[in-house]
């Protein structure tokens, strides 16, 4: 693991998720930008002394020469550094899971996609919410034609954690609205693309075109803290996306609704173990994680019996499980099967393109812009 | 009452709502376009024989000469006829409540507004959902500054009742997508403007500019059955509106969320007796219709104790109550007080303008268009 | 109407509900125990001067001699007075709707049942919540065998409006815990029997036996403010009832859950337009008031389209509608049909017996006691 | 780990939970009653060959002699075997976490409590739901006096997974209703005591007296599949408990409601990251796991940021975390601090006593029976 040290929220999630099913162990890391802290924290997190590195380059140099080399390197560093680090590890032949947003720039993302293909590495971008069993159930239902042709997908990721007007003084929040650190977009790149990725993941379509409206509500912000996107997917579905960081009171602001010719689906992260499925002209029904009758991919991602809640860490663990399957398949020369359902670098690239197109569209007062 | 006969859904609602509090009686009507049916149904609905008219002109001629003249004429006829009928009754000095959408055309709406002002009539457009006590509580909270400056308003009115692809053969649905009968817009004019009116009503701002994306999902429709609007309100608030008729499974698809500097509010028509109020950095709390501590206008619109549900008819009855108050005030030469909170012809006109601007914007691929 | 004057909560509900569908008019009343206030309030409520009486005896004497005699007398006076007033009006040949609890004493209730039968009057007790369309849908589903044999019914009516410890000084609350005014039971007689009646109404079984646990939580109360009942219904169903007045935070504390061999049903007054229906081994589905596919009695009790909420007043109005049907049938010599679904004096008597048995059981430390 | 092999639901939960935070490793086990399968499954679950035992006695003999002896032995075998296995491991000086129900017999439970005290072992019974951060928040609020004196606790654990009448043929269900394997109680001992433990855990009171009503709904069952308990806690709180296995449609049937003089609390396992907190005479508010302002014990048990859901495995992991803390404290000679919040053998004993008292009470037709 690169980054994700003691102060990091997402670092904990990665470590728990990777190890949850006993598929991976946390074996080596350079977990902080400060070399001293990096080594100390690595040891504090249970690493052996010789694999608790002070910096990612040091880690790369040492690990590439080991016979028990890492199966997977997770990159959870600040966004601006993703490109350089991922490229270096790819170059050395490692498999990589990169935190989102993949890169800040389309060219960089394309280079990483190309390199991953060349190296035949197993590579993922952590759109971790796509690991929820019921999100995968939704994808499987769509793929099986149970919704008919998809007409409209409504996606939200809108929370209120940056609503405080004087948060500009809070360093944990400030950097997100600083173009130098965060790139061209704040709430879309940070939150919105999760929802957008999930929408496309469920319906199996990529984004073709967007019209965006970005606004900065809190004073002094250089990047948007509220954004609406209108979307055309490649096979004709229409998308509506709302992302916000000023939606006070919305804790669990991630939801996906899919409306097809034959029925509608609703999923909210606040109750991630359920889908509401509404077949046309029939009463809505609640599908439960762990119940019988689900598609295999949803059943496969469950650990505990129906009725007991699973949470986000278990969803992330499903991504790690898929990566593990793909790595094992690669080792054995087989192609991965259903494990391909994890989001790869291509998904990361697509979302970088969407952010760029949306940024352009918003500057051009909502002009429809191809992705 | 003109229109709203036995086959009409909204007719029942008007009769029950108008009479609920004993303020109005249903005294005269021309309730169907077919003269024979109009008289028969009027009598069937309890009208005396001499006031169960065969046509609205007949009703107008007779009623204008009566000493016990009607306090209020409700117009619930097909949309295309609103203008002519309302104008005639206004001309004759009647007070009028018109179903929405007010008119199909901005010029017509403006003429009615002008005429109403000239005649000093009490006039309303039935944006009936604004009669819910907790919607009025939201308005009062906003007006009192409890939300701080409003940043974003998210409005939805999205149902699935026109999702069936072959509904083109259903006359109850077909006319809504026929420009000759419905005008330039279907789901925005039919459903969306309810939500949009409520958004503006709550925050006390009118619509300045819109960017719209209309799509027709079901085959063969000439007007939109799904629409997204981005909105700028006059005092700077940002609006996000989604209206749909193909959102299968959404029964109660009307909701309003308001996010201000100091807190956020959520209201759903499915649980109309509650508001979720989230003060910044504090836990969300549930405000209940009928509880102590509400603003007077919310308290005034309640009939039964806290905890028992009131519904849509009671909301409509609150509009009728306000009209009654305004009429009584007009009779006595006083100005109406808080009773002014009902939506008047100006609100009707504003929404006609919004529909026109949105239609234009959508044709121009989302170009921002002033209202 | 006797009782239910200006200060009364339930009086408003009766007047709105009775008149909602234009079936009844509020024509005469003695609405307060104070003769002067009674006349003034009656006039204030719209009664003609000669029918705004000062006392119920005066009303009885005058009304029994009129040719346009009242179709129905609603008795909404304090509980202790029900018996005398109802008996007098029955004796004079009137139809009567009595507020619950019917009487304070089994003997009195039995006499009224006997008298009503003798007079062939149309008589009801206002278990008004049984008028909700979806409650009737539940009853119809049970009757049609869709649940299979009913095993367990879980009933709650638990609110927190008497939770304040010093409410003993509040006269609106104090009388409820005073055995002289309220009888032998407070929260069971006031709230719990609503839920219990609904349970029996839905499954079509009467109560055979109870075991009760009454407690007084707030200091100084002579009657219970929290009660649990275990129940055996006549055909073998098991009942669990919890009634409380100290359940702080429960606004809408009325719910019924029915579990049969073939499926389970849940209904909450807070969302009265829905039933959750769970067929055995299948996903739960949400049945909506006003949707197609409901049993006729549920469809009949709806006024507005599916998706819009109806509330408690509409439920009460359905009771009045049934009474109207039964009265019309009686006039014409026909037997009432489905209109028989309203709760009659027999239901009132049953609940009085339950209260007595539960009171006895609780005193005997939960001994099972026949009803 | 003893028991909890490949076919076991709870085995997975223990392994994931124990290892989630990197505090424990799964190092040795006898995971099945069949020696061959036990060894094979142990290896399949990642154990080294020499610590994948064929039987628990073999494991005990080998492990007691190792220098790297196990920190904790988890016993997840069939209920009838708990006593013998736990006693043997205790005797050999191991710390033990035992699945519930602790034992089938009060005498056995008392012996284990005595032995654990004598050995100064760290011992727990897996009432794992008490590990949810918001359950602990509830306990902390109660302890801090925020609810005032607790009046009534309403506890439910009612699901529908044994509702099928012909489940008597399903071995996974049949044994639960067989007194030889399950003891004197089925649904109370299996599910109900979880809820009852949580109720007592939150309010900090033990059970003094119970009155029980057991019924067997599905044909052929010798033990109860639906049970209601009335409870008096030691310091005067009243308890209402409903446990069921035939409540079709209730997936997440575990909930706790606590009503005190100063406010009410509600928690449902279906939304385990929230508590609804209703201070007297104020609007209800939603407290969120991970939010600021919670009590330290609730904050301590959170892994991911507010708004993202945690689930049951994380709750179980908190129990393991507490055990780890207690073991570390024991090693260092310190007393454990807040880590004492996990349920120990005394809690297991109390619940065994409750089951016995309830069984007796139910046989005596609900007679109040001391625990």
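Think of it as A, B, C and D in the order they're written, each chain with its own count starting at 1.
Keep this in mind: a residue touches a chain if its C-beta (ideal position, glycine included) is under 8 Å from a C-beta of that chain, and two chains touch if they have at least 3 such contacts.
Not measured: the values here are computed from a predicted model.
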Labels of chains that are neighbours to subunit A and to subunit C: B, D
Which of A-B and B-C has more C-beta contact pairs: A-B
Separation of mean Cα positions, subunit C and subunit B [Å, integer]: 35
Separation of mean Cα positions, subunit B and subunit A [Å, integer]: 42
Junction residues of subunit A, two or more chains touched: 251, 277, 281, 284, 288
Subunit C residues within the subunit A interface of the complex: 277, 281-288, 291-293
Touch list for subunit D against partner subunit C, complex: 151-152, 154, 158, 160, 163-165, 211, 213, 215, 217, 226, 228, 230, 238, 240, 242, 244, 246-250, 257, 259-261, 263-266, 276-281, 284, 365-368
Residue ranges of subunit A touching subunit D (in the complex, touch as defined): 9, 12-13, 15-16, 19-22, 26, 45-46, 159, 161, 251-253, 269-272, 288, 303-314
